[in-house]
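Chains here go by letter, A, B, C, D and E, matching the order in which they are written, and residues are numbered from 1 within each.
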Amino acid sequence: MANNLSGGFKAYLHRDLLIALRDRGDLSKPLMFFLLVAVMVPLAIAPEASKLSAIAPGLIWILALLATLLSIERLFSEDYADGSLEQLLISPNLLMMPILGKITAHWLVIGLPLTLLSPVIAIWFSLPISAMVPMMLSLALGTAVLSLIGAVGAALTLPRQGGVLLALLVMPLYMPVLIFGSATIQAAVDGLNWLAPLAMLAALLAVAIVLCPLAISAGLRIAKNG
Amino acid sequence: MPTAFSAVFWHNTVLIFLGSNSPLTTHTVLKVESLAFERNDAVLFQPVDFELKAGEALQILGVNGSGKTTLFQLLTAILPSSSGQISYCGQPLSDCRYEYLSDVLFIGHQSGVKAALTVEENLRWMSPNNTSCEKISAALEAVGLSEYAQIHCANLSAGQKRRVALARLMTAQAKLWLLDEPLTSLDKQGVELVERCMCQHLTQGGAILFSSHQDLAQVTTRNYKLEPVVEVA
Amino acid sequence: MNFNLQWTWFHRLGSPRWFYQKTQRWLPWLAIATLALLVTGLVWGLAFAPPDAKQGNSFRIIYLHVPASVVALAGYYIMAISGAVGLIWRIKLSFMLMRSAAPIGAALTFIALVTGAIWGKPTWGAYWVWDARITSMLILLFLYFGVIALRHTYSNNEAADKAGAVLSLVGMVNVPIIYKSVDWWQTLHQPATIKFTGAPSMHPDMFAPLVVMIIGFYSFYSLALILFARAEILRREYRASWVRQLVTNQPAEK
Amino acid sequence: MANNLSGGFKAYLHRDLLIALRDRGDLSKPLMFFLLVAVMVPLAIAPEASKLSAIAPGLIWILALLATLLSIERLFSEDYADGSLEQLLISPNLLMMPILGKITAHWLVIGLPLTLLSPVIAIWFSLPISAMVPMMLSLALGTAVLSLIGAVGAALTLPRQGGVLLALLVMPLYMPVLIFGSATIQAAVDGLNWLAPLAMLAALLAVAIVLCPLAISAGLRIAKNG
Amino acid sequence: MPTAFSAVFWHNTVLIFLGSNSPLTTHTVLKVESLAFERNDAVLFQPVDFELKAGEALQILGVNGSGKTTLFQLLTAILPSSSGQISYCGQPLSDCRYEYLSDVLFIGHQSGVKAALTVEENLRWMSPNNTSCEKISAALEAVGLSEYAQIHCANLSAGQKRRVALARLMTAQAKLWLLDEPLTSLDKQGVELVERCMCQHLTQGGAILFSSHQDLAQVTTRNYKLEPVVEVA
């Protein structure tokens, strides 16, 4: 029984990864998006290196945020439409476990590749090499928080399938991640102590891992009754 | 055809024998007492009361919109009931939620088939963890999809999709089956197949609660009609 | 049962009918108090309080700005807590209060932002400055908007209530985090070119009318909340016999 | 018959507006998104007025682009899922007419409100008042082009329902709009002639109105066969 | 019930009379000649040949996955056919596409009901432009949804949603009905209702092509079975 209660994590992680890999492009898409927006920014804003590197820390974080937001919408909406959400809700596990499995899969498909890709953008925007490690650490932690918070919004907006409403709900909650995330990179660029904001991100992640699954399971049940 | 028929006939005979003559072997699996559901303060159906014993198949009847699907969602605790009591093997549902859910197989209107996965992956995913490969391919064979095992479910016809979901009937290890219109989109062979599966489940001591607008006289032990609430003006 | 006996007061408290009838009696008094406080505060503040040494008379907008800001912030907690009470004890009334609190809170936040921006022009030379407190107030406005927008997503009232409650609870956990992070963000960078020139140590003659205005805004908030909640009760309980009698003005049957 | 061939425009325009108005919040949501992202930028990037106003023209355009992108996804995906796309495809009209109707509805719900709201953001980012009119004109024209191009992407990604793939397809096509749009505002800020880039936007719109519906009707038919 | 039955009986009698004795009045509405469809170079069904005359209801039979839905999509030109010819009233489809489409009513597996609109708005939207309000409410009355006219379709049960789509049968002005499993999710009264509608359409000189796994013996004039392609090894 105990086994059963904690179960479902691996099963859902595996299934969602399989689905993401199935349309083979899926893994490369968030990366492409990340890169594309990164290309558009110098086009829209004057491309002087000094200007770009000044806004780079913030920009990288805004991009990460948008990539998460664009993709999190489908976390539950497909399951809702094809009926497999009902199966999730009646699985004899603690509801949190499958949910965390799905979120982990989302992070592996979106957050992790973004993190690994970020050095390219850093070079593009002439960020100093010394800022690479803090940048990647902050992205790894921060995108996980973004996935968790985004999933709350995705669950609550299920009956209408997100889009801009999801963005509206989730964006204000994303603020702290954005601030601490870009502060980490900025501090590293300025040669200040970047461990403090990074620790804040880690703290946010800890809080989110505990609280978000609760809100999500409540949200999913409510949405079925919507 | 004759084989299938005689099998069904035989099963039913056994069933009647078991059901009527040896009350000791059939215990109450599911008991529903004055169960009611409200949405926006409007009561949906008259309070539901029934008992489902092992070896019984109870058909829920009711016109379109009478609340059959809602009832299934109440019974799987997907929706919260407004009043009344559901008990499983004598215990109220709230006390044995996880035991209950691990004994239940629910197939709803939407069958939970993932379009991006292949037929085989879907069945594996929806079956218990320890299901053997042989069992999975036997189930696919039975629903006539062995040729489609590696096809993505997005490319199946409506009836084929339903068959993928119904293949779970052959891999699941649940005692209680809750089937909401299992026959949708199925052709005649498909309907027969489901009947056969249901009969077999009953003879093995399982219990079935299902809804359908078609008659499944060969399987159904009893039926229960959902009645609309008459408004007192 | 014993449990029920002990909790009857609690359930009575949660009954929309009880609330509707009780508040009927409070309403006139509350309205009079609100009006008296607001008029006193405004006249005192706008006409009699001494002008500010640096800002002259433009500072007088403080008598709208500060009360609106303070009550807007408190309003979020009122909304979230009534949502939580509704979720935990399944009390319909507190969901109705939550629903009513959202638009009022949003309106107050909006007033705080607009008065602040108007004040900003003479003091900072710009309508808007990216200051920590101002920014977090803007985010608060969006949190309110989220709760309001979510309600239209659900057709089932009960589901809409619960979803709104979950969202405002998530928001409640986040409000301090947002506030802290924004505050922190401000100190990390070099300070903005134009500084936020609040006057924490105020002359008592200026301060007293401010206190009156804050109390006045709180009582205005309560008044608005009760009125909104009463409308919500009528809308939601339209099937109940007491509401029908009320609306058709028939004498109660029993 | 002639009447029939050109028909469907009004019917679909009306229906889609009705659906958008149905959830009453829908009209305000894109605006909220626009405003929210505008809030996040100063949070992520240093909030000094001088820095902000330097990047403002480009930023406003990137925001408009993202708001369109987030919402265009649902232009056909819901119709596809509920079967009303089939009805659109067999309506006895020139296919372009219903399609243009749907796109016009989208622009009225997203592009137009964004245009009307943009002055708020301009004030936030301390843009000069003289740039307001060119900004609003460029947004009005440009968002229409964005809706048209976005619809092509939405049609082509139908069986997989967009998300990041849609972004990937559409972003490169958005480049010219972005460039001329932000150039219009920048020229107005710098006191240069802003009519030239604006005229380019108008030309883009004319081309898009002619070509996009063709691509979309082809795309929709292909998607049904996907 | 007895009224419904006698109505159906009477209609069918008229139909047989018209159909068999006065060939001059019944012209060929739809003619399909060796129509074939390939996906990824795999032929789906054996070439299809049939003729549908005014006043006839032709039932397409075939097991799950035999290609009925695909055939309907070929006939509405949603999918392009690989070979063969479809002609409408004697003209090839490509020459009279718009005339043909304005004479066709197609209801597929997914019924095209918009979840965000109310029942009434949906029906108005899916009906011809000039449909009067009375006609719309009569149609809603007939499908038993008059109480639900102002309800959003997202909040309907499966059968109620199907009924919204089927209400089009009463408002449409099309000569040729293409119905892909119209009876899905319907209860018994719903099935009877559809039968009645179909009969009436036939007596008015309309033509119907439909697929269903259920028998509609009272309406069906002929049927055509889709055969799978036998692979030559």
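The working rule: a contact is a pair of C-beta atoms (placed from the backbone, for glycine too) under 8 Å apart; a residue touches a chain by one contact, two chains touch by 3 or more.
In this text the structure is predicted, and so the values were computed from the model without any measurement.
Colleague: So which chains count as neighbours of both chain A and chain E?
Modeller: Expected: B, C, D.
Colleague: Which two chains have the most C-beta pairs in contact?
Modeller: Highest contact count among chain pairs: A-D.
Colleague: Rounded to a whole Å, what is the gap between the Cα centroids of chain B and chain D?
Modeller: Computed from C-alpha means, the inter-chain centre distance equals 47 Å.
Colleague: Report the inter-centroid distance (CA atoms only) between chain D and chain E in whole Å.
Modeller: Centres of chain D and chain E (C-alpha means) sit 38 Å apart.
Colleague: Averaging only over C-alpha atoms, locate the centres of chain A and chain C and give their separation in whole Å.
Modeller: Each chain reduced to its C-alpha mean, chain A and chain C end up 32 Å apart.
Colleague: At what distance in angstrom does the C-alpha mean of chain E lie from that of chain C?
Modeller: 57
Colleague: Could you say which residues in chain C touch two or more other chains, in rising order?
Modeller: Those would be 139, 142, 145, 149, 153, 155-156, 158, 182, 185, 189.
Colleague: Would you give the residues of chain B that are in contact with at least 2 other chains, written as numbers and ranges?
Modeller: 109
Colleague: Which residues belonging to chain A are in contact with no fewer than two other chains?
Modeller: 23, 81, 159-160, 165, 168, 171-172, 175, 179, 225
Colleague: Please list, in label order, each pair of chains that touches.
Modeller: A-B, A-C, A-D, B-C, B-E, C-D, C-E, D-E
Colleague: Taking the complex as given, what residues does chain B use to touch chain C?
Modeller: 39-42
Colleague: Going by the contact rule at the top, pick out the chain D residues touching chain C in the complex.
Modeller: Interface residues on the chain D side: 23-25, 28-29, 32, 35-36, 39, 42-43, 46-49, 52, 123-124, 126.
Colleague: Looking at the complex, which residues from chain D come into contact with chain A?
Modeller: 23, 25-26, 29-30, 32-33, 36-37, 40-41, 43-46, 51, 54-55, 57-59, 61-62, 65-67, 69-71, 73-74, 81, 160-161, 163-165, 167-168, 171-172, 174-175, 178-179, 182
Colleague: If we count contacts the way the header does, which residues on chain E are in touch with chain C in the complex?
Modeller: Within the complex, chain E contacts chain C at residues 152, 154-155.
Colleague: In the complex, go through chain C and note every residue touching chain D.
Modeller: 126-130, 135, 138-139, 142, 145, 148-149, 152-153, 182, 185, 189-190, 192-193
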